Every structure is written in C-alpha cells, then in structure tokens.
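As written, the chains take the letters A, B, C and D, and residue 1 is the first residue of each chain.
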Amino acid sequence: MDLKEWFASRQKRKELQENIKQPLTTEEYCALWTQCFQCRELLYTKDLRANLQVCPKCQYHFRVGALDRIDQMADAGSFVELDAVMTSTDPLKFFDTEAYAKRQQEACRKSGLKEAVVTGIAAINGQPVALGAMDFGHFGGSMGSVVGEKVTRLAEEATSNRIPLIVVSSSGGARMQEGILSLMQMAKTSSALKTYHEAGGLYISILAEPTFGGVTASFAMLGDLVIAEPGARIGFAGRRVIEQTIRQKLPADFQTAEYLLKHGQVDMVVERSNLKDRLSRIISYHDLTRTGPAGEPANGTVKSGQLTK
Amino acid sequence: MDLKEWFASRQKRKELQENIKQPLTTEEYCALWTQCFQCRELLYTKDLRANLQVCPKCQYHFRVGALDRIDQMADAGSFVELDAVMTSTDPLKFFDTEAYAKRQQEACRKSGLKEAVVTGIAAINGQPVALGAMDFGHFGGSMGSVVGEKVTRLAEEATSNRIPLIVVSSSGGARMQEGILSLMQMAKTSSALKTYHEAGGLYISILAEPTFGGVTASFAMLGDLVIAEPGARIGFAGRRVIEQTIRQKLPADFQTAEYLLKHGQVDMVVERSNLKDRLSRIISYHDLTRTGPAGEPANGTVKSGQLTK
Amino acid sequence: MMATNEKKIIPLEFEQPLAVLAQQIEALERQLGDNPDLEGDIDRLQEQYTQLKKSLYVNLRPIDHLAIARHSQRPYSRDYFAIWDPGFIELHGDRTGADDEAMVGGLLTLGGIKMVAVGTQKGRSLREKQACNFGMPQPEGYRKALRLFRHADKFGLPILTLIDTPGAYPGLSAEEHNQAQAIAENLFELSGLTVPVVAVVTGEGGSGGALAIGVANRILMLEHSVYSVISPEGCASILWRSNDKVSDACQAMKMTAREILQLGVIDQVIDEPLGGAHHDYQLAASNLACAVVKQMTGLMKMSKEEVRRDRQNKFRNFGAFTEV
Amino acid sequence: MMATNEKKIIPLEFEQPLAVLAQQIEALERQLGDNPDLEGDIDRLQEQYTQLKKSLYVNLRPIDHLAIARHSQRPYSRDYFAIWDPGFIELHGDRTGADDEAMVGGLLTLGGIKMVAVGTQKGRSLREKQACNFGMPQPEGYRKALRLFRHADKFGLPILTLIDTPGAYPGLSAEEHNQAQAIAENLFELSGLTVPVVAVVTGEGGSGGALAIGVANRILMLEHSVYSVISPEGCASILWRSNDKVSDACQAMKMTAREILQLGVIDQVIDEPLGGAHHDYQLAASNLACAVVKQMTGLMKMSKEEVRRDRQNKFRNFGAFTEV
C-alpha cells in the first residue's frame, strides 16, 4: 500500500466510523483505548494520535509508524513516495521455524507496508527534503536488502537534487534472514552517505524508539546532526546481551536518548511536538545551494519543480 | 655557535685532552664522571656519550643536547643549519627578578646555543630530511618567538622541498618572558604544519625527556607518527600542578613514554640506539614524491642537490 | 541569564572606596525625610561618587582588570547567546563519549548572520560551576568544539568563539585523553578552515586552553578581559617563587586588552559598560554584537581561499626576533 | 608466533575418529620393536587415516568450519604479520586515550609491496586473550584502525585488513563511547579511500565488528573461515529460542566461505592446509600472501578515482530485491 492508498483508506475508515453506529466488538473496543506504557494512563487512541502519539500526561513518546511519521513531518500533500513497490527476495531460502517468505507476508499483513522503511521526497515548511521513515512494526524495523537499497537510493536522490536528507530510524538491527547480504547494507548505505557528504549535503538523522544494531552502526549514526526523541532507546548491542556479558546491572537510563545526550552521542533531544519546527530551523542554517562538491559555490540552484527525477 | 664551529671546538677539545697531561681540577674531574639518575651507577662521561647518552647498565636515557642529537641522527657531515643567527628580542621588556635579556645571555652561556632549537637540512641514511632538535639545556627548552619561527620555517622548508620533517622535542613549554607572543607560536607552528600536511608531507615527531606545555600542545603532538624515547616524561600540565588540583597521588609511571603508549598517544617507544634505523625504515614507506598537494602524483621529484634554498 | 537589575553587584576590592561612598549616600538618604538640609551633602557626595568612579576605571592596574575579568557576575557565553538569539540551537557532544559543559556551541543568528558559535562556559550557581568545571574544558570539550568547527566549514557558516577560561584542566583523565593533542589539533584544523572565524576574549584568556578556540581571522577583547600565556598565579610562583607577586606578574606579562592590542596580537578592544560588563549585560552584549557583526561582515566578502590565507598570514607574522 | 611443529594440535570434536585412529597407530608403533609383523597393520591403518582425513575435510558441515575458524591454535593477525615481515613496524593508539590490543596495525612489506596492515587479534595465552578482549575490539580499536586507514590514504599506501573477531564488544563503556558511531564512521571513511583495500576473513567474521575493517575492493576468505551478520549462537537464541540449534543457524545463515562466494559477496576462497590453517602456519601464511599480493597488484594499477569507484560499486550492488 503506498501513501496515497493509505490516505484514501484512512479517509474511508473515518467515514465508516462516523456513519455506522453499531455496538463495538471487543477488538474494536480495545483499539479505541491505549494504555500508556510509562504512566499506565488509559488514553483515547484518537486523542493520542492527535497528540502525535505522545502521552499527554507523562509525555511518553509512543512508537510511530512510518506513514504516520511522514504525516507528522511533511507538509500536507507534499510527500511523493520513491521505490514503493520494492520487495525483498529470499536469497538464502532462509528457514528457521518458519520460512522467511512466510514471515515477510506476515510482516506486511501486520504493518500494512511492503517493507520496514518508506522513502520519498517531501517538503518541510516549504523546504524540499529527501525523507525516509522506518517502521518498527514491520519485521522489527530490520534492515535487509530493501531497507538498504531504499535508504541508499534516497541518499542518491538527495545528492543529485542537492536537498537535505532526513531519515527517522527505528530498528532492531540487521535482518538475519538475509544473512551476509543484510550486513552489507550497512556498508552500502554508509558509502552512499559518504558521497552525499562530499557533495556538501546536509543529513539529519533522527533516532526514534528503538534504534539498535546494524542500523545504529551505519546510517543512523552518520548524521551531520543527530537528533533523538525523548526516552528513545538507542545503542549497538542490546541491554540484555551487555548485562549477560559484563555480569553487572546497567544504569536505569542506560541507552536512553537522554543518556546518549549526556555521553555526547546526539546533538539534541527534541520532543515530537517541536520536531518539525526544529528541523525547519536547522535546515535554514544550511544553504546547500551555496556549497558545491569541492567546497566551492554550486553552479545551479535547486528549483522546487525539479525535485524528483 | 653554529654547528660547524661546534664540531671544530669539539675537535680542539679532544686534541687538548690528549696533549696536555696535567692534573685535573675538581671541575674537570666532575665532568669526567656522570652518575646515572636512575640506577645511581657512576659512568665515565666519555663512555656515556659514546653510548648515545644511554646508561649501559639500566638503559636510562639521559637528556641529549640539540647538537649531540643531530650528531646522533644525521649522516656525518650532512647537516646544514638554517637560521643559525636568529635571536629573540625582548618585546615585553620583561623583568621578574632579573631582566629577560640578562637571562637570555645566561642561557646562551650555559648551552653554547643561540636558542632552544637547532634546525636544518640533513640526511638520514642518505634520505634528505628537514631536521629540528630542541635543547632543554637552553632556557628549559622553552618556546619563544625564535623557537616558533625556526620550527615554522623548517616546516615551510620541508614543504617546498617535499622532504620528510623530523622534530625532536624537549621543552618545558612556552616562554613566559615573551608573554602572549609565545602563546601565538603554538598557532603559528601548527598552521605551518597544516600546510605541510595538506601538501602530503610526512612529519615524524620525536618526544624526548621532557616535553610539556605549549610545545606538546602544538607541534610535538601533530606528527603523522609520534615516537617517544624510553622513560621520557611527556604531558601538557606538570605532574605537581595536577596533584595539587585533583588532590590525589598519580600513578608512578604517569606521563612516561610507556604510559602514553598504553594510553594510545604515541605510535611507539624506540630506544635511542634504534632510532636512526627506525626513522630510516619508516621514511622508506612514505614516498613523498608520489603524492602531490591534491593527493595526485607530484610533477617533479626531489633531487638531493636541490635541497636547500 | 542573570538579570543585573534585580541582583546587587558585588564590589571588588579596589572598588571599596566607591562602595563606602555609596553607603554614606544611602545612609544620608534615609535621614533625608527628617532633615531636608542634607540634600546638599548628598548632592556633593553624589558628585564625588561619579568623579571617583570615572577616575577609578581609567587608572586600573592590570590586576584590577584581572579582577573584573574574573568577576563572578560577569556575563558568560550562554548569557550572550541568550541575549543575542533566543532561538539559539545548541549542539551537544563530541560523538565519542562526552558532552563537556565547559564548552558550549550551536547555531546562532547575530545581526542577521547565521553562524556557528562556540564558547567556554564557567557556570553561575555552584552546581553549574562544577558541571562546567569552572570553565576549564576537558579534551572532550576541545573535540566537541572541533566537531562544530568542521560542521561550520562544511556548510560555509562563519564561526564566532567566545573565550573565558582559566585554561585547560590539569587533571588525570585530561592527560590520559591527550589534551595536548586535542588543543594542538584544534590549532591545526582552525588554521585550515575556509570560513571566517572571529574570536572574542570576553573574560579570562587562559593560555593554550584559550588559544584552542582562538585561532581566528580577527581577535577581539572586551575592555577588561585578559589574555596570557600562563595564569599570573602560575607565572608568579615560577618566576618569583612567591604567591604575593601576582600583581607584578600581571604587570610583567602585558596581559590586558590594550597592551595586547599594542603588541599587535589582537584587532580591537571592545568598550564595556562603566565598571565592567557585569554592570549591564544588555549593553555589553550589544557592544560585543556590533563589533562581531562588523568584523564578520568584512570577512564574509573574502573568498574561501582568501579567508584561510588571511588567518594563516596573521599568525605567521607573530613573533619578535632579529637575524643579525 | 606459535611453532606448530613443537606443539601438539588439539583435535576438534568432529575430528575424534581421526584422533582415535592416530592413537591406534601410535600404540602399534610402540609395539613394533617387539613384533615386526605389525607393520602391515600400521600401513593399513595409515592408509585408512589418510583416506578418512581427506573425506572428513571435504564433507564438513558449516558448524565444523565454525569450529576450525575458532580453533584456539588458529594463526592470528600477529602470526601472519610476523611470518610475512619480521621488520613489521607496529603503530599504536587512537591518539585520544587508548591502545586497543584487539586491533593491531602497522607498516608491513608483503611481496615487495609496502602497505598498511590492520587486523583484529585474539591473543594466545590467557593473559593475552584478556588483553585482547578475546578479539572483540572496543570503539577505541576501530578508531585506531581508522587513524591508520587515513594515514595510508594520505601516503598512497594500500591497505590489508585481516578479520578474525567474534564482533564488537557488548560492554558498558563500549556503548558509552559510541561504538555504533565508531563502526559507522569506519564504513563511511573506508568507502571513500583512494588506495586499494584488500580484506581477508581469516577466522571469524563477526557482524558489524568485522565489517568495520572489511569495506574493501577485494574480500577474501580462508577456506574454513566464516562470515555472518550475527553469531550463530545469537541467531539460534533469537530465531529458534534455543541454544541447541546453533548448527541449524550455521546452516541457515550461509556463513561459510564457499557459500558466501556463491552469494557474490566475496571474491576468492583461499585454500588452507589440510585440516585447517593451524596445521601449518607457514603454508597458510604463504597461501594467504600469494592471494593478497595478486589482488593488490591488480588494484594498484587503478587510478585513485578508479580504486574508490571500484570499491563503492562493489558494495552498491549488494542486495537481493525485486521491483514489480
């Protein structure tokens, strides 16, 4: 389902909800309410969504799906998806207790997405950007060939259009089912970012709950600026693995966004409600039309009509 | 006294010693013997010098004066001194318990040098290099305008001749008597090294007992490769200042070459007897005629006849 | 930001005569209701006060400048940033393990110029002071600054640095983490930047720890700020072997703004409000802003290569020697 | 360097049948003096031994390769460097506080080619193993490697990396010092180098910790080495939720040299001495040297820009997906 379809179906759902006044099923009832993971408050799901999935009581930042994330960040109607139909093959014919192919279908059914990242061109307060958002709800946000390829192409798109690149990461790490090819995506994305960097591009990496493993150790940590969401857990190795290895208790706030800030790993922690504005202001400091590949003024300027290939 | 004079006077001294067989004065007798600072062994000074000022018993590396250092490192007769007559003026008319001008005279008398660094072009196993050696015996090896200027010019000489640059540091830090101008030498030398670096130059910094303060925090720590002599004490702040500040005892080996090696600050610790050979082998890995300013092959090659301006 | 209007200014030792006069005036004013004849006395004292104040601050000894530069109410980098740009976007961390609070930096707009601003920070409350290590950065702080310098260079953003530090921190882990290398690398990299750099000594310019963010195209100093190769206390204890000779050391080292201007090391001395920047944050910030914007505007007309050469030439020429 | 001639080789579990045969032969040989008729039996057993050995090593399961790759007597980076170049000049440290012994590097001459060599190191004795953190580098180790890569790039020296690591270290300070960023930065910088890079997996190629020195123009693997996105133990515990399924995980992940060659990720599988590199250090080192020198020689004919593009294109093409 690409973004247009999603908006359409959301609209349809809205209308349905308003038109049909039948008693709710248990499932429907549960979907109506969400309990805050942090303060245990019972929140009306619709309100929670209206509040950008942030608990109004304790400011806990719930995970946000890729499409909602884009909806929150991009100017309305500005997002044009890239590589919407790309799907992974099964290069290893991987089978654990279930075939990889089967697990992929399952992931798609659950998330309503084709893969764990959605990428495209959008505008943020009128400023064109290359925007990617990962979805932890799809296969744990794991990076296989498709995630690697889409992020790489997004960086290439940003390079050729000389526009800022923004990627919201949320991932458990590399996708084991694609074996060594998953690992190589770390190098592939990093390499594309190197080229973008040398072309003078501005890459803002946003770390959302949770960001781990091969995603952290590649594109997520390579931002010119790195922004984390409050409370997001971010690291390379998982907390439990570390505790088993070093046989000692870790600090309670270990690997939280705030802990990373204290340890110099992120530039800032920004509440979701301020994120779009902050991005917009940061971008205003970085005029990518001013610096060219060799650090010299660029010949051309970006015209917003020429953003996509 | 420049190097030629020094060699001449050394020769004269040698002849004198051999010809005149009169009883020694106390001063002469004391000069004949040196007690090892580390193992307390009484060493015949001549033997100690023949052993590159290293105690044959405990391998303690005594301080070496600039001229002896050059003698140890450069191929015999290859050294051509640069800026031999440069001396400091007294820009601040500095007076503490004594005038700076007076202190300078005193320093020259003691060291037999005009300033705390001797620089020039030399050959190391036939390979032309720009070579500088500091002398702690002259004004505590402190860096004033002259040291800064001579090191800067040496780097410029290395840049224009595309030859390796080697500086042996031994210094208590910046020279207070030249105030803010001394401080600025840190930036001046670092800036010249930046230009040399971008031209693809190879700079090997050798840290000898002791290297501290503004010298460590500028050219001494900017080597492509950094080599320390065994036991040399190297740091920014002095041990006593740190102990007074943090009010705790420091490890016994704190700020020694070996401690720095363990803490990743130097590439290697090399015994004085191996130093020349090691330098020669390192240089053989770095063909400066191969890489030009933009990382592209250089147009010309260095001809050894064209080394000095 | 400290609101000077609400807080009483703490007088320095050399300002005691002024403080005594002020107290007398105050006492008389309290009696004025009972005895209107005092008005003449008050006027006379007030006149005396104004005269004394003016003469006091034109005849300051170097050690008096030092006292003002170190005044606990002196505005710090964060104060200037906050006054200049409420939208200042702070950027944190060295990316490798620490966010040194003694070094503050971020994206700042000043006089319409978008820039990267970096400054040392001393801290106001005891807790802040400790967090900021009394303005003495660790190697991690210098590396954080370097990260921001490189960011600025990549995106063509001019750089402003504010210097107010006793120097680098003489500590165990600072040495273990190679603060000498951290400082040296900053000198090295700053000298190669292709964007304009303006540095201002706003308080104490303490040796290599100050210079590490001070390799600039234009170096400015606030009127009462000081800049020296070693702290006067350190100088006195080494050269005079005495802690009583701090004033002599201040004198000998020529560390005040005007003396350093005369030595040709800095480009401009910026006036402070009478008595020092802590008497009027707004005015101090505004004087500083004017000077910075003016210098920056001039530098921004240069090409990248020119701006780099300009900075390198400036430092290339420092030194006093003869060759005869 | 371990002298294999003097030290008994420790048999692996799957090699037990071989070990039993060897013991029988040995026992018979001891009786040979008393009973010369046994010679025929010995010959027969010897023949059987040779046959078994051959067949054993052609039908290895993935988990058997893993066992050989992890063999405690397997040659490590320092062993190769020492055999290849007794004059290897080791370079230490990250310049900012640590010299990670799990990452070794320096100036090496191999087949007449002067290069920068970097490798992970596991350590042989218990003390060494601990010093080397069992071959798991800390962020400081990756940064040390990066420093050497940059040195090589500056001076046009080709780079050889040897990979034998369980992966990056899952520890507290490793996370605090941002090992994710350290690894990412290596991927980033390696991809931009203008000198040839050849990487060889000599033992365990453990996920991101291996890749951090593995972004090369040519990637080679020793015959029994393995390379995987996660350790098989980790994979088994996550996907099968069982520690008994390590063999299945090895099978499923396709982590052996030949499988990875088939997937197109590596360029060459290098033969090991029969039974594994630990049976003959000299031969292993020589096979490895030949392969490296051949690849390097080819790469050194490229221009700087070509060599960089070659590496970037290689990684650009990894991935399996459809767009319909």
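Operating definition for what follows: contacts are C-beta pairs under 8 Å (C-beta built on N, C-alpha and C of every residue); 3 or more make two chains touch, one makes a residue touch a chain.
Note that the structure is a prediction, hence the values are computed from the model and not measured.
Chemist: Tell me which chain's centre, taken as the mean of its C-alpha atoms, is farthest from chain D.
Modeler: Farthest chain from chain D, going by C-alpha centroids: C.
Chemist: Write down the chain pair with more C-beta contact pairs when B-C is set against B-D.
Modeler: Here the pair linked by more C-beta pairs in contact is B-C.
Chemist: Taking each chain's centre as the mean position of its Cα atoms, how many Å separate chain B from chain C?
Modeler: For chain B versus chain C, the centre distance works out to 35 Å.
Chemist: Using mean CA coordinates as chain centres, what's the chain B-chain D distance in Å?
Modeler: 43
Chemist: For chain A and chain B, what's the span in angstrom between their mean Cα positions?
Modeler: One centre to the other, that is 55 Å.
Chemist: Taking each residue of chain B in turn, which ones touch at least two of the other chains?
Modeler: 197, 263-265
Chemist: Can you list the chain C residues in contact with two or more other chains?
Modeler: 95-97, 176-178, 181
Chemist: Based on which chains are in contact, what kind of graph results: line, ring, star, complete or other?
Modeler: Graph shape here is other: it fits none of the named patterns.
Chemist: By the document's touch rule, what are all the touching chain pairs in this structure?
Modeler: The list of touching pairs comes to A-C, A-D, B-C, B-D, C-D.
Chemist: With touch defined as at the start, can you tell me which chain B residues reach chain C in the complex?
Modeler: 83, 85-92, 94-97, 145-146, 148-149, 152, 174-176, 178-188, 190-195, 197-198, 213-214, 216-222, 235-238, 241-242, 245-246, 248, 250, 254-255, 263-265
Chemist: Quick one: in the complex, what on chain D touches chain C?
Modeler: Contacts found on chain D: 95-97, 139, 143, 176-178, 181-182.
Chemist: Using the touch rule from the top, collect the residues of chain B that touch chain D in their complex.
Modeler: By the definition above, chain B touches chain D via 197, 200, 202, 224-226, 261-268, 278, 281-282, 284-287, 290-291, 295-296.
Chemist: Help me check something: in the complex, which residues belonging to chain D touch chain B?
Modeler: 87, 89-100, 107, 114, 140, 144, 151, 154-157, 194, 304
Chemist: Which part of chain C faces chain B closely enough to touch in the complex?
Modeler: For chain C paired with chain B, touching residues are 168-172, 174-181, 183-185, 187-192, 207-208, 211, 214-215, 227-230, 234-235, 238-240, 248-249, 252-255, 260, 263, 265, 311-312, 315-316, 318-324.
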